[in-house]
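Order as written gives the chain letters A, B and C; numbering starts at 1 within each chain.
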Amino acid sequence: MPGDSRRVRGPEESQSPLLYAVPAQLPVGRTGRGAGEPRAVFVRAGLLSHAAGSAYIEAGGTKVLCAVSGPREWGGAGGERRGRLLCDLRWAPFSRAGAWSSSAASSRQAGLLLQESLEASLRLERYPRAELAVWALVLEDRGSALPAAVSCASLALADAGVEMYDLVVGAGLSRGAEGEELRLDPDDSEEEAGATMYLSLLPALNQVSGLLCSGEWEGDTSVAAVRMCMEGCQRLYPVLQQSLVKATKRKIPAPQPQSG
Amino acid sequence: MAAGFKTVEPLEYYRKFLKQNCRPDGRELSEFRTTTINVGSITTADGSALVKLGNCTVMCGIKAEFTNPPIDAPNKGYIVPNVDLTPLCSSRFRPGPPGEEAQVASQFIADVIDNSQIIQKEDLCIAKGKLAWVLHCDLICLDYDGNLLDACVIALVAALRNVRLPSVQISEDTGLAQVQLSSKSPLNILKSPVSTSFAVFDDTYIIVDPTDEEETLATGLLSIVTDEDGKLCTMRKPGGSALSPERLQDCISRAVSRHKEVQTLLDEVLLSVKTQ
Amino acid sequence: MASVVLSEAEKVYILHGVQDDLRTDGRGCEDYRGIEVETDVVSNTTGSARVKIGHTDVLVGVKAEMGTPKLEHPKEGYLEFFVDCSANATPEFEGRGGEELGTEIANMLYKIFDNKSSMDRESLCILPGEHCWVLYVDVLLLECGGNLFDTISIAVKSALFNTRIPKVRVLEDDEGSKEIELSDDPYDCMRLNVEHVPCIVTLSRIGHRHVVDATLQEEACSLASLLISVTSKGTLTCMRKIGKGSLDPESIFEMIETGKRVAKFLHLSLQNVLSQEESLGKKRHKIGFLR
C-alpha cells in the first residue's frame, strides 16, 4: 500500500482498548428522564467569525457545529434555474465512544439525508445559479447526532440570512429490542438497541421534510413514533427561535435614541 | 470612511496604525489576543481540549488505541498528530484530503512533539514487541483567524495533559490484554512546549499573534517554540523578510515570557478540572 | 436518478388524472403495472431472478460463499449488497454517474434487512465464530422506467427464494479439530426461508393524493415520495422520505396505511407466482432474455 505523504504516518492498524475491557453492565431502561422527555439543549447561533452563518447545538453529550458558506456562483448545469444546496456532515475522528475512525469519516448517506431534509425549507429559486454550502461537524456523538445536525444546519442557514419558509427541526427516537416503550431523543446506548427513527419537521407549516426509520415496527407503532417525534420537534422549536433572535440582536444593535 | 479606506488600501491602513504602535483591533504590537482554554469537554475522547486565541478556535481530541510497536523500535509507542482544516473553519479550504497548509501544520506539530520530548515514546509501550499505545491526536480547526500553530500547540499540550489511560495487564494464560476501565492514570508529561508566532510588516514592525488579515498582509512569519526551561525546541521561519540576530533575540525573549503566561493559564485550567 | 423532462401542460394532465383516480395508463392510484418474474435465469449463481415492471428491468444474482462471521454476531451469517447501475439503463449512468444511486440503493437494502425478522441469519451459520455463509446479492439495473426500489426489492426476494445453498456438515474428530464436509449429492441443498423478507412499496405524492408504482412521468410530477418496506405480516422494517419536497403528517399516516395494504397483496401474489413457477419443475419453459 503506498503511504499517504499528506498525513503524518501512524501504524497501519490499531484497535480500541474497549474490545479487551471487561464489559460493564449496561443499565436497563433510561434513568433521570421520562420516555418522551428530550435531553437538555444548549443552542447558539452566529458564533463563528468568518462563516456567513453558523450555529452550535449541544443536546446531552452530543455536540454539533455547523457553518454555512455562500451563496457563491456556481457554473450551473443545463437549464437548472434553482440554486443548489451542498451538504457535508462529518464525524470528528474522536467523536464516537467506540474505535477511532481515521480522517473525519464523512458519511455520504447522512449528508444526503441532511440535504433532503433542508431543501424543502429553502427558497432555492431565489438563488439562481448559485450554491449554498452547509458544513456540519459532529464533535461528540452521544446519540441522535443526525437530528441535532439538521436543527443546527437549519439555524445556521437562517443566521446566514438565506430565504426560507421555516426552520427545520430534527428529532430522533428509539425503541428497545423487547420493551415496547418509545424513547424520544435516545443517547448512544439506547440507539444501538432495536429500532430507530429520525424525523425532521417544519413546525410552523406542519410539514415533514425528512423521515427515516429502521428496525421492526409492528402495527401502529410507527404512527405513534411519528407523532412522538413531531412533539419533540415542536418542543425544540421555540429554543431555536430564541437563539436566532439573540444572534440577530447581537449582530444588529438596537438603534440608540437620538439625542437633541 | 475608515471601512472604505481599509478595503481599498488595506496595507496603508495597517501602516497608519503600526506607526502609532497599535493595531486596528486595539492591541499593542506585542500583545496576544485573549487566550481561552477548555479541557476535557469531549467525553468520547481519552483527552481533549478547546483553545481559543481571539476568534481562532482549535479543538484537539486524543484517542488511545492498541497497536503493534514499530519493528525498528519494539519498546516504543506511537503519537500521531493530524491537523484538519475543513471548509467549516474558513471558505478558503476545500473538502477532501489535507491541503498544503494542513500538511505543513501537521508536520510542524509532529516536529514539536519529537524535538521537545513532551512524552517519552517508551512510556507508551505496554509489552515489548507485542503491544503499544498509539495516541491519535486530531486537531480540528473550528474557526480560522490566523496564528493556527500557536493555538494547535496549546491545544495539543492541554489535551495530552488531560489524557487518562486505563490500566492494562497481559494475561499470562491467553497472552491477551486485559483492560481495567475503572483504574485510569495520566500520561507522564515531561515538557510542555509553547509556540509563539510573529508577523513582520515592511521589514520593520514585528507583531505577535497575527490575525488572519495580518498574516496575509505581512511580509514574513516566524514561529518559536520554547519549553519551560527557556530552551528552544523548534523554530520556523518560512522565507519572507530577513531578521537581524538582535531582533530575533527580542522575539525569543518574548516567546519565553509568553511561555510563562500560557503555562500559568494551563495549570490553572487543569487544576480547576481536577478539583471539580 | 433517471428522469424525464415534462412540460407544465403534461404535468397538469397527469395531476388531474391522479385526482380522479385515473392514471395515464388507465390504472387506479393503488394499482401496480403488470409484474413479470422469472427465477433461475443465471445458471452460475446460487440463486437468481429477473423482474420487469413496465419498462423497469432488474436482474439479481445471489452467490453464497463461505466466510467468517462478524465479530459482533458470531452466530450469524450475513448478506452483502451491491447495486450496479449499468450504462445501458440510462445515459446518465455512463462513467461514474450511476455510482451514487447504486450506493444509495444498496444502503437501503442493508437497512430493510437490518433486523431479526426479515431473514433468519442464524440458519446461515456453519460453525459459530468460525464459518458462515455470506450471501452476495448483486443487483443489475438493465432499464429504468420508474419505481426502481419496488422492482429491486421484489427481485431480491425472488432471487433469495430461488437460492439453494449446498449442505455442509461439520465433522469433529477425537482431538477436537473440526473439518467441514460438503455433501456429495449436488441436489442436497438448503433453502432460505423468505416468508418474512420485506418488499418495498414506494408511494409518490402527486397533488393531494399518492400513487403506487409511479412511472417516470409520474415521478417527475412528484416532489416527495415515501418508501415503506413491509413484511408479509405487515411489520414495517424501514421507512424513508425521498425527494425535495415535504409531506403533511396526516398524509404520511395515510401512506403508511396504503403501503401496508398494497404490500400485503403484493406479498401474496408474489408468493403464489413463485410457488407456481417452482411446481412446474423442469417442464418450465424458460424465457430468459430471448423475447
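Assume a contact is a pair of C-beta atoms (placed from the backbone, for glycine too) under 8 Å apart; a residue touches a chain by one contact, two chains touch by 3 or more.
Chains and their UniProt names: A = Exoribonuclease phosphorolytic domain-containing protein; B = Exosome complex component RRP43; C = Exosome component 7.
This structure is a prediction, so every number in the text was calculated from the model and none was measured.
If each chain is reduced to the average of its C-alpha atoms, the one that sits nearest the average of all protein C-alpha atoms is A.
With centres computed as the average of Cα coordinates, no chain lies farther from chain C than B. Averaged C-alpha coordinates give centres for chain A and chain C that are 30 Å from one another. Separating the CA-averaged centres of chain A and chain B is a span of 29 Å.
Each chain gets a centre from the mean of its Cα atoms; for chain B and chain C, those two points are 52 Å apart. If you check the complex, the residues on chain C that touch chain A are 100, 103-104, 107, 111-112, 114-117, 224, 226, 233-249, 252-253, 256. Contact residues of chain B toward chain A in the complex are 41-45, 48, 55, 59, 61-68, 70, 78, 80-82, 84, 86-91, 95, 97-98, 103, 106-107, 109-110, 134, 136, 138, 140, 142-145, 166, 168, 176-181, 212. Chain A makes touch with chain C in their complex at residues 108-109, 112, 116, 119-121, 195, 197, 202, 205-219, 222-223, 226-227, 230. Residue ranges of chain A in contact with chain B, taken from their complex: 4, 6-11, 13-18, 20-22, 24, 48-51, 61, 63, 65-67, 69, 88, 90, 92-97, 99-100, 103-104, 106, 133, 135-137, 139-142.
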